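All remarks here apply to the structure that follows.
Chain naming follows the written order as A, B, C and D, and within any one chain the residues start at number 1.
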Amino acid sequence: MGPQVSVSDRTKHNLITRLNRIEGQVRGVSSMIERNVYCDDVLNQIAAIHAALNSVEKMILEGHLKSCIIERIRAGEYEVIDEFLVTLRKLMK
Amino acid sequence: MGPQVSVSDRTKHNLITRLNRIEGQVRGVSSMIERNVYCDDVLNQIAAIHAALNSVEKMILEGHLKSCIIERIRAGEYEVIDEFLVTLRKLMK
Amino acid sequence: MGPQVSVSDRTKHNLITRLNRIEGQVRGVSSMIERNVYCDDVLNQIAAIHAALNSVEKMILEGHLKSCIIERIRAGEYEVIDEFLVTLRKLMK
Amino acid sequence: MGPQVSVSDRTKHNLITRLNRIEGQVRGVSSMIERNVYCDDVLNQIAAIHAALNSVEKMILEGHLKSCIIERIRAGEYEVIDEFLVTLRKLMK
């Protein structure tokens, strides 16, 4: 059993709704490619998916910092910061 | 009938395979949130989705520049550049 | 003699003013580091430099697309697109 | 007197050397614009400045997380996380 986030049911529901919408957007891009749709529209749709994913990412980042990071630092488990830095580098590209 | 991209069947198949995989990754994040999985893993998964989406984006961008942009500039339809700049601004943030 | 951009004197002046300001902002970060200033402020200052650089980048990108790209495509030098794709990949990370 | 970062002299020297180099790169872009240099080269130079700035940013981010963030969380000053989230949002776009 690994550590768990304490995300409220409300936030969890909000996140899952957003992720379902993103899934639909990705399916929409597949369908555009399938139908040889004009590519400027496809690029716009991809930009919209990145933006939607960024919103989800920020919500999860906030939850992570406010729960896991605080708890583990208080418990003296400072290696949580090294793990977080590795993740942050990936998120920042 | 709007303009169409001339993407080879091979590239089209490659793009759709990648998009199907991205859809699965988004579903994976939903399932992690559902199971209250440790959030550093979720953030890593989101970073992977952004990266996968970037690969698709670059392939489509290349197709767009090498087909639509060239054809429309040769036809004197320079407004294609203004449309492209708007899209590029969204893709670059 | 390589190809040249036809950027208006007004745009050129605007770009140089912005770049001078960015130089000052970078010097400001050096000075903060020198004085051991609280790092959240330094990070904010760096975010401001990235944003200022993005504005300059968008202006140059627009000039590039509207002059060099159009001219070279009209001249049948389609390799300009390959060069541009390489640059774009760097700009998009 | 605000909080201070405890960055080693070695890291501080490294950061200042990098920032001086970035200042020179920004001056280089000004000079390219002044001489109407071919813009694909200018865009490449700007991409290099963003990358150099990202390296500095990551070093400062690491220092911030490993000093200020840990100390203030241990002191129960959890508002440091809210401040950090605001900064992170700017750095991530």
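The criterion applied here is as follows: contacts are C-beta pairs under 8 Å (C-beta built on N, C-alpha and C of every residue); 3 or more make two chains touch, one makes a residue touch a chain.
Remember, it's a predicted structure, so these values are computed and weren't measured experimentally.
The minimum number of touch steps linking chain B to chain D comes to 2. Chain A and chain D have Cα centroids separated by 24 Å. Taking each chain's centre as the mean of its C-alpha atoms, chain C lies 17 Å from chain D.
With centres defined as mean CA coordinates, chain C is found 29 Å away from chain A. Counting partners per residue, chain C has 61, 84, 91, 93 as the residues that reach two or more other chains. Taken pairwise by the contact criterion, the protein chains form one closed cycle in which every chain touches exactly two others.
Against chain C, the residues of chain B that register as touching in their complex are 54, 57-58, 61-62, 65-66, 69-70, 73-74, 78, 81, 84-85, 88-89, 91-93. Across the interface of their complex, chain D is touched by residues 2-5, 7, 12, 15-16, 19-20, 22-23, 26-27, 29-30, 33-34, 36-40, 42-44, 46-50, 53, 56-57, 60-61, 63-64, 67-68, 83-84, 87, 90-91 of chain C.
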